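In the two assemblies presented below, chain A is common to both, partnered first by chain B and then by chain C.
Up next is the complex of A and B:
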């Protein structure tokens, strides 16, 4: 096995053409639409939280690049996807709607992830093969290996994409999940959104290595580093990983270097552990602004189209909030429902 | 990526850089382990010892080489295959035997049995029955050493099966992150119970896993007591002087099944024979004889002395009392005495 040598840095493709990647003009504009949509949903949720209408949120802000780019490389409804709590962008690309997400944060009965039972950010939609997560960090890793093993046993051409942050990679569950996927060459794409902080703990206080992708060598499969704020680069590495998995060549580990520009959650004050300069520096590398510049360069976006997209998204998100607010809460009689299967 | 790990698993040419006295000491300990374990197998089949028993037969070079690299003040943690490790760290053979018999005079007062030998006086911090469970505990002990500012080293021994357990990952990550004085020793005997290493671990060369922590790692022929001692001494010194943790992989083989209850049908006779031809005791004897350091008479003398120790330890265990009923609740909580 020579995976250590395969660990490679994929350069940003800021100037490469999306056509070379087989992406149509419509698709890249839709990518932009999804970026704006994810950001808008997030901003609206913060407002709702500050208004006291919802209780808790986890932000995707700053990490939309890897989320949108990687999710576009997955096959909606065919591949199994296990997002982590920050993956608003992934959920939206895969077919969850702003309504679905608002139903979840308002804990409404119609919430497709759990009927209002799960915490916000626990995305789930069985029909779309989005598998809802358990709250402890990294529990989705062994579960993903198990889902992929099921696909392999059934002979189903499905890939399992599992998302997590850098903090999860310090957990034992993570190690067990990657090892198992490596032994059995399972069709899994491991996507680490490395935003540099496990809540308040910076990466250099979590692990003695700089690149988490180095760890893939310990499991016998490639570890790829990608600029997670580059949508097309994120798309490219994920696409290659999906193809590798479908060919039966086994898992790939993707480390997307990114940053969350918001605090960890609505209950966190990140000023206590990060400098404002660091946050401002990363805001300048905003994945949405960067992709916008790309689309402008290739003449696919101008101010008027941008304006129209933003208005469309805002209208959709506002409508979703109204819809969710008016939806009924789970009924008292259903309290014990969904505790056990078939209960 | 940085690859500081280095492989040296190839059997080395005959080289005995150590003096006769040291080598005789190693040989003595290896024979002691072998004969104790043979006796344990006997008393177990005669239902004198309860619970499970996992024998060290075949792994004597790995045990003696690794454990002899520690100073008396250093801590040793092992898996449940712990009899030989306890003996080399300084637990008396009679206390080990009495523990297997479940007697009050056992090193764990008859509470532990085969898998939980323990003697804090010689800093043998125990066999642990949960696979990989002692890795964070040993790492925590190294953290305690760091807190106190003393210079002890914690050595943590586990099989290759344990390296697939989450606690291995968490322990090694923290050990390197906090630069703790700990030496992780993996006795890779190629089988996690009945599962061959290649079927349970995505990389079969365990030392390569250290790259995930940027930790120094070596792969050593664990059937060679001198090579093992050299590598472990290097690791212990790194830990003591530089607070630099290491992972040392000792490639070895258990000649018997996983436990006394395992007929080991998952290995071919040819494979077992191949390894038995590399018996660590007879190969050391041969090397020493070839270089004129050992006579058959000396071997016979060692065997006779060891035999007396084994017989005496069995008599001691047989004649020792069982723990008293009144002591049932003793040693459950720290404060229990006098309550």
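Up next is the complex of A and C:
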């Protein structure tokens, strides 16, 4: 998308694009709060990593638009969600707290995703129906089809939302998951955060097509393209996909075009494979700044509210860091805990 | 004689073999511009171009399958799995195809392919990034499995593997990439299927491979100070095993400890203990001891991870008890 198009999108917001979508003023301000919260958690983690306080981080930065927008269309605690490692924003909207996420990066016993057993970025919280994944990419796709199949067998009106990157779409199990979901019209929403790279490999070395959404046709359901840096557009397509799934019409594939403005992880140096100009260009399309402009246009946000939100978030995140730092590591005696049921 | 890292040694092996034989080519995830997750392919795209250094989509099964296909018709692919953990996605191509096609084809084809992959823990990468699974492949007839522990053997074994006409699973170790060692200038070829006596001793033999060699050597040094003379055998190749070298050593020292980073249950240590008692039972003065990783998916938390990986203290404790 070039910047002329972007301007056009902004102008088309008119007065209350969100009202037309049935979103209240409070809800869109909360969306903004979540955007800022996700970004702040991420920034804090990078700082902690630089300080040598935590070992590893994998970043949501730049992809918060699709994460927050889509997660607001899910029904917290009712729909099943299988995020991938960038989905800090999804996890926060669905009810994980900055404390939960900090407990994970500090590998503490109280980390609700794993008790300090799993790497950060592998979000999980059974009570919130957030289902954790293992590290090999795309392996959550057949599992998502399985979760949705179970909902169907049990007659439960739950949708399964599963997230992944563009790189994951090259794997066999990715295709297998889509195929099965298509055959059985399962209530799944497939959300691809296409950030153009799989670590260093650009999209054109991963696939011969421009739009990953084209692949959905091969599995018999719609593939929708959305500007993943547009929160409301991301919300809208996800909402429609959830409704379609609940009606029994089957899966939807959403390709959100976005960009990761940070390195792949704290182990990566992205200057090796992409130009600073490309990264800077995408920083100008920052989803948070864009949503902020929208809220200002519709008079829901001014500098003082923005300031208050940022202070509130910062305080919350700092408190979470203190809390996690002070909380105990898993005990050595519990090394074998969780290997087997009842162990 | 130059002192280089294990990483550089592997890089030299690839470069030299690619220069020597234009049929050798590389495929893998992030191996080109990015020069590999562990930088083993540094400079190779620049020297050999995209035709011979190819970045693939994230698709392990595809990567090995491409290798099998290209190898069957005369090329010599060297493919990289980002880690052994992800090679499980390609297990079918490795186990059901690379290992068996020659046999099932009545000898009409050969598969001169090397599948490179690092294994091992210790870097806080948790359960699905830290496994030591070389033994899974060592279980399979039709595969050759090598696991070098020094820069010299990393270079020598990789060069030999690339020239071999069999499918070879070449297991590196994440912790070893930065370790240094002497590598002579000029051609280095280490034979496959030959263990090495890394340290001579009289009282007990420690049999090990890959990164655990370093742990064994550290332990041996400390045990020396306690008056215990330890012989250390580095297996280097896990299939075929050099049983003779191991058995001869144990016959001399009369005691054996088998040390591995992976889980001992059905592990390398199980296999070694079995053949040592078959070949040297009458010489043994103590039951064979096995030391391996805790039987748990690798935890992320540093303190738990440390508790899950064997260290020199565990070796010293076991050896001291056996020799006492």
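As a convention for this text, the second predicted complex is superposed on the first by the 326 of 343 C-alpha atoms of A that agree within 3 Å, B and C clash if a C-alpha of one lies under 4 Å from a C-alpha of the other, contacts with A are read in each partner's own complex, and residues count from 1 in each chain.
Convention: a residue touches a chain if its C-beta (ideal position, glycine included) is under 8 Å from a C-beta of that chain, and two chains touch if they have at least 3 such contacts.
Predicted model, so just to flag it, every value in this text is computed and none were measured.
Contact with chain C, but none with chain B, is seen for A:134 once the two complexes are overlaid on the shared chain.
Once chain A of one complex is fitted onto chain A of the other, the partner contacts of A:114 are limited to chain C, with no touch recorded for chain B.
Measured by the number of chain A residues touched, the leading partner among chain B and chain C is C. In the superposed model, A:167 lies in contact with chain C only, and not with chain B.
When both complexes are overlaid on chain A, the residue A:235 reaches neither chain B nor chain C.
Once chain A of one complex is fitted onto chain A of the other, the partner contacts of A:259 are absent, as it touches neither chain B nor chain C.
When the two complexes are overlaid on their common chain A, residue A:220 makes contact with chain B while staying clear of chain C.
In the superposition on chain A, A:207 makes contact with both chain B and chain C. After overlaying the two complexes on the shared chain, residue contacts for A:72 are found with neither chain B nor chain C. Comparing the two interfaces of chain A, the one with chain B and the one with chain C have residues 170-173, 205-207 in common. Of all residues in chain A, only 55-56, 107-108, 114, 116-120, 134-138, 167-168, 170-173, 198-201, 205-207, 272-273, 329-330, 332, 334-336, 339 touch chain C in the complex they form. For chain B in complex with chain A, the residues that touch the partner chain are 1-3, 164-170, 173, 176-177, 199-203, 208-215. Of all residues in chain C, those touching chain A in their complex are 29-30, 32-35, 37, 55, 57-62, 85-86, 88-89, 124-129, 294-297, 299-304, 307-308.
For chain A in complex with chain B, the touching residues are 1, 4, 7, 170-176, 178-183, 205-209, 211, 214-215, 217-221.
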